[in-house]
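Two complexes are shown next, each including subunit A; its partner changes from subunit B in the first to subunit C in the second.
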Partner chain A sequence: MNKKELMNNKYFIAALFLLPALIFSLVYLIIPIPLSAYYSFFEWDGIGAMEFLGLDNWAELLSDPIFWSSMANNFKLVAISLVIQIPIALFLAVLLTRKIKGASFFKTIFFVPMLLSSIAVAFLWRYMYDPTFGLINGVLNLVGLEHLTQSWLGNPDIVFYSVAAPIQWRFIPLYMIIFMAAISNIPEQLYEAAEIDGANNWQMFFFVTLPMLRATVVNASVLIIVGSLKYFAMIFALTGGGPNHASELMATYLYSKSFTEMNMGYGSTISVALFLVALIVSVVFLRFSKKDVRN
Partner chain B sequence: MKKVLILSLTLLMVFSFVFAGSVMAQDEVTLTLWDIRTAADQATPAVKDAIERFEADNPNVTIEHVPTQNDNYKTKLRTAMSADNAPDLFMTWGSASLERYVDADKVYSLESNMTEDWENNFMLAALDLGRVDNEMYGVPVTNVSPALVWYRTDLFEEYDLEVPETYDELLNVVETFTENGITPFALANSNKWPGSMYFMYLVDRIGGPEALQNAISREGAFNDEAFIEAGRRIQELVEMGAFPDGVNGLDENAAQSRTLLYTDRAAMYLMGSWAYSSFKNEASDMVDQFSFFNFPEIESGAGDPSNLVGTPGDNYYSVSTQAPNKEAAVEFLKYLTDSQMGEQLIEIGNIPPFTGVGEKIEDPIMKKIYDASQNANHIQLWYDQTLPLELAQVHLNTTQALFGMEMTPEEAADQMEEAAQEYYSE
Partner chain C sequence: MVNRIKKLVIYLFLSIWLVITGYPLVFLVQNSFKVRLEFFRNPVWSLPANFTLQNYIEVMESGFYIYFINSIIVCFISVAIIIIVSALASYAISRIDFKFNKLVYILFLAGMMIPIHSTLIPIYKITLSMGLYDRLSALIGPYVAFSLPISVFILTGFINDIPYELEEAAIIDGASRFRIFKDIILPLVKPAISTVAIYNLTLLWNQFAYALVLTSSPGKRILTLGLFEFQGQHGINIPLTLTALFLSVLPLIVLYVFLQEHIIKGMTAGALKG
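Up next is the complex of A and B:
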């Protein structure tokens, strides 16, 4: 009897269905956060005995110039991504939602970078950046701009921008699709009304499309901010953070500390710091953008 | 239904007891062997064959071979050792990886079993890494792979160059190639270890093998003159244009170095002997245009030009102190290091660390590598494997910075010494 009652209780059924997902997110997402924080107080090679250090790892982190420069690189990546990805994605989205010839063809073409795996994209760009055989220096030589040829991944002054480029190329399509979905949800009447009021294309974009996309742009920005703060894959594959930490991000630094040097304690400290930075920045950004809406 | 289940379980239990009893009655010995010879490993058939030969000659001994993939193996062995669950026979990489377990009394000393015959079976330099405090704890079994200066013989002929025997002659070669628009050395150093080879050789040629040994034993330091001078010479080469542009941005794993060799844009390549198989795979029609020479001598330096840097013997096999039947285990090691094993390793393109197998090598380049290793006074294991992890990383990073001219030789050496002081004081 009791069993039957239980099976008729819709909350119980719902909980039952949520259980697998809950277990997975507990094990792989929630529990590791306090666990990492715990490890950050130890000296630990991942296998052997753990030695309690108190706040030593944190003190070391605060005076570690490589950590600070990698964090600066993360914020540079946030700025570059916001300035490049959002406007270009928006432009492409507006363009492709217009009734132009071949729109669906271009939609597919533009989406291709998103379908490639990060590591494949990184290798593609690695060959393009090759100073002797690469496409980029090759084209520069061909058109007589030899003085612009660079050792794209070897020069510490420009390597960061070289590795940031493929990240932009790969993620623009994602935001393009998000914006296209949002644009197609804007009611047609708004445009009709604007047209009757005599608005031109630019005015329609700035006074209808953009305000209606506000929430989407904010969400996309949060995704970009958090994504850039914890970015890892292509930089790891292209330079591993080098040369001499010039393209190091917090995540690549955390990887080399934890898994190359087997210093799990310090690696956990970096990962908790990364978590805190991403949390604070996104909370502040969300607060800030909400306030603006009310005004 | 339940009854049948219980009955069968009981029967199973009884049988297994009986079986175990009968094994003991016949005085059967089972030795467990842990190594990295998984199905994907080239040397696996040779090891399996040694096991079969041993079992055929010793019918009362069974070897239970448990291979584990390389990265997991280290963790697995470490865990088993710390839990006193060591296998009877296991594999390490010699040197520090073996010393750790010797210090913890986990490894049986082979010294009393080291007959002269058996000892003479090994290349001298390879044995060193199996020794701890002058006692043998592990015997080398697989691949000798020293770093060598590979070069394009046809390019040397074209510019009328001789193989350089001294460092000054090498600088002349470098100059001739740069004047003719050819990059002297193909090098891709985003991976850091390829550039480290130049540093290791220079330190050896300037200060001899003692320079590093003293720095590690703390009788010397990592900012001793040999290390600073090595850094200076690297930067001298960089300034002469000896390396490709943007050398720290090129990827060795993507063959960005060798591509320069294949396209006549570079002439030399300091790389482990495995480069030879890369040439065979990637440019089979050019293989006979490649040869190698030993890193040249620095006349004012202490290092012997026969000294090599590299892997003197890759995998060392040892017996655990916990093994109940050590005699059988040591006997098995002899099968693992006999001439038949050597021949099988040669067949797969390995150079075994054994003496007296040279005449069985047919390929002239392989033979030359074998002779160079055989004649080496000392083979220095790669720094990034000799040094503890923390210092290895500092070594790799500072050396990369030397190539990028982002650090002076003094700064690089001081940073290394500072890290060493911190590490060894703990």
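Up next is the complex of A and C:
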């Protein structure tokens, strides 16, 4: 085949267009997964020689209580995020789409947390939580609720809720904007018809707005679920998973095993487990959400 | 009357959320103007008694500005590569019939499911063996790869909506695919490209995990990692750390002041269609 023929061959042309994207995806996205699986059969500190262990890492993982509690924390974060983010975001979106003065001002300010990095949000909240100089204990003392003051990040019983709060704070605006866009797409006639039928505001919300937002709510839930399973940076910066693993997630545990203890074989085992959990949950929920939207 | 009460209730709820969202930011700014002693002596909500820029000077003198430069370099190069690479791939998926279009598209989208932290160890290893460890360029490969799925998703959707007639004449005239891509498609997808650019720029600007694993020396830190290390060193000096924190979030906030609608649209683009 000469050059001209080659340039007219659509398979060759398609390959040329796709090649750069394929190279990046292969090296940094696809190959790492089987590579992690391979490393999970070894004892390895990341630099020295690798020692074959067979399934030892996997046996250790299955009986590792910290791994299981970190996975449970991931699912707890999913539940908290669904229960807090969706209703609050929906509520704010409904308020902001009413024809009121100043709506765009509120929207502008409400979105700001999304602009901050997870690390910045983590440290901002860390100083609000500070037991001695923090804003939260300061306010509690001011209004006479001294008995509620706490070591918010030091008490293993509440630390998980303390680290979950800034995550809600940062992501509610994202879903608020999504719901606002969806609400403004609902045809005005539906509300007019409901009004003629004598529906009040609550009835309009439950019988018009909510059913019309069904697909959007399902989509937002999928995003929250998948996102919460992958969560890392904010908790890493706030507590590093502590105290005593009380706020540990799969990703923070994987990091401290791999890059703090330099136990990369076991870290790879957690990596593959994290991948599998995310994969299974994504597939299940995408199925569920597709079915749901179609009905 | 009923309407006025209703409005009042709406404003009440909006104001509550305004305090929840806004006050932490006010707390951040007002305490950055206090000196250390004053911060520890007076309540955190008090206004600075002696307004001072000392913290700002100290943060900048500690070399913090290098992190801004590093972040800008890495993010802009990555986003430029992402746009070119994802536009090329999206064009092939949308317009060249090579039989596996749908499969390739689905494979790209499946990339969104991969949790980035489960790839950290192999990427660390790959980076070491490429000799890129502790270089800014080490971040570009992972940044591009992890932005591709969503970028291909947005751009393919956009190119699919372009009427085919626009290219037909060029094809009949014998123009090459690259010419059509460059002269016809690229100008038409400009709005989608700006969405992709903003989406990735904001996401990568706030990225943290790769830099944590792939760089180590202070001169190679990007902003998020720089802030993390700064807190580790100066964490006890709360007003100083709050100043560094405020400076680190300032660039995006300034951008937001000028391009609010574009930024909101860009940052929610991945979620709106997904």
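Keep in mind that, in the parts below, the second predicted complex is superposed on the first by the 266 of 295 C-alpha atoms of A that agree within 3 Å, B and C clash if a C-alpha of one lies under 4 Å from a C-alpha of the other, contacts with A are read in each partner's own complex, and residues count from 1 in each chain.
By definition in this document, a residue touches a chain if its C-beta (ideal position, glycine included) is under 8 Å from a C-beta of that chain, and two chains touch if they have at least 3 such contacts.
Keep in mind that what you see is a predicted model, and the values were worked out from it rather than measured.
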item	value
First (subunit B), second (subunit C), both or neither touched by A:156	first
Touching partner for A:196 - first (subunit B), second (subunit C), both, neither	neither
Which of subunit B and subunit C A:143 touches, first, second, both or neither	neither
Partner chain(s) touched by A:129 [first = subunit B, second = subunit C, both, neither]	first
Which of subunit B and subunit C A:239 touches, first, second, both or neither	first
Comparison of subunit B and subunit C by subunit A residues contacted	C
First (subunit B), second (subunit C), both or neither touched by A:11	second
First, second, both or neither for A:261, with subunit B first and subunit C second	first
On subunit A, positions contacted by subunit B and by subunit C	123, 127, 130, 133
Interface residues, subunit A side, partner subunit C - complex	7, 10-11, 13-15, 17-18, 20-22, 24-25, 27-33, 35-36, 39, 46, 91-92, 95-96, 98, 100, 102, 106, 108-120, 123-125, 127-128, 130, 133-135, 138-139, 142, 169, 173-175, 177-178, 181, 201, 219-220, 222-223, 226, 229-230, 232-233, 237, 251, 254-255, 258-259, 264, 267-268, 271-272, 274-275, 278-279, 282
Residues of subunit C defined as touching subunit A within the complex	6-7, 10-11, 13-14, 17-18, 20-25, 27-28, 39-40, 43-45, 84-86, 88-89, 91-93, 96-98, 104, 108, 111, 113-126, 141-142, 144-146, 148, 152, 176-177, 181, 202, 205-206, 208-209, 212-213, 223-224, 227-228, 231, 238, 241-242, 245, 248-249, 252-253, 256, 260, 263-264, 267-268, 271-272, 274
Sites on subunit A touched by subunit B in the complex	47-48, 123, 126-127, 129-133, 150-156, 159, 239-240, 242-245, 256, 260-263
In the complex, subunit B residues that touch subunit A	75, 78-79, 82, 189-192, 244-251, 254, 256, 259-260, 263, 265, 389-390, 393, 397, 400-401, 404, 406-407
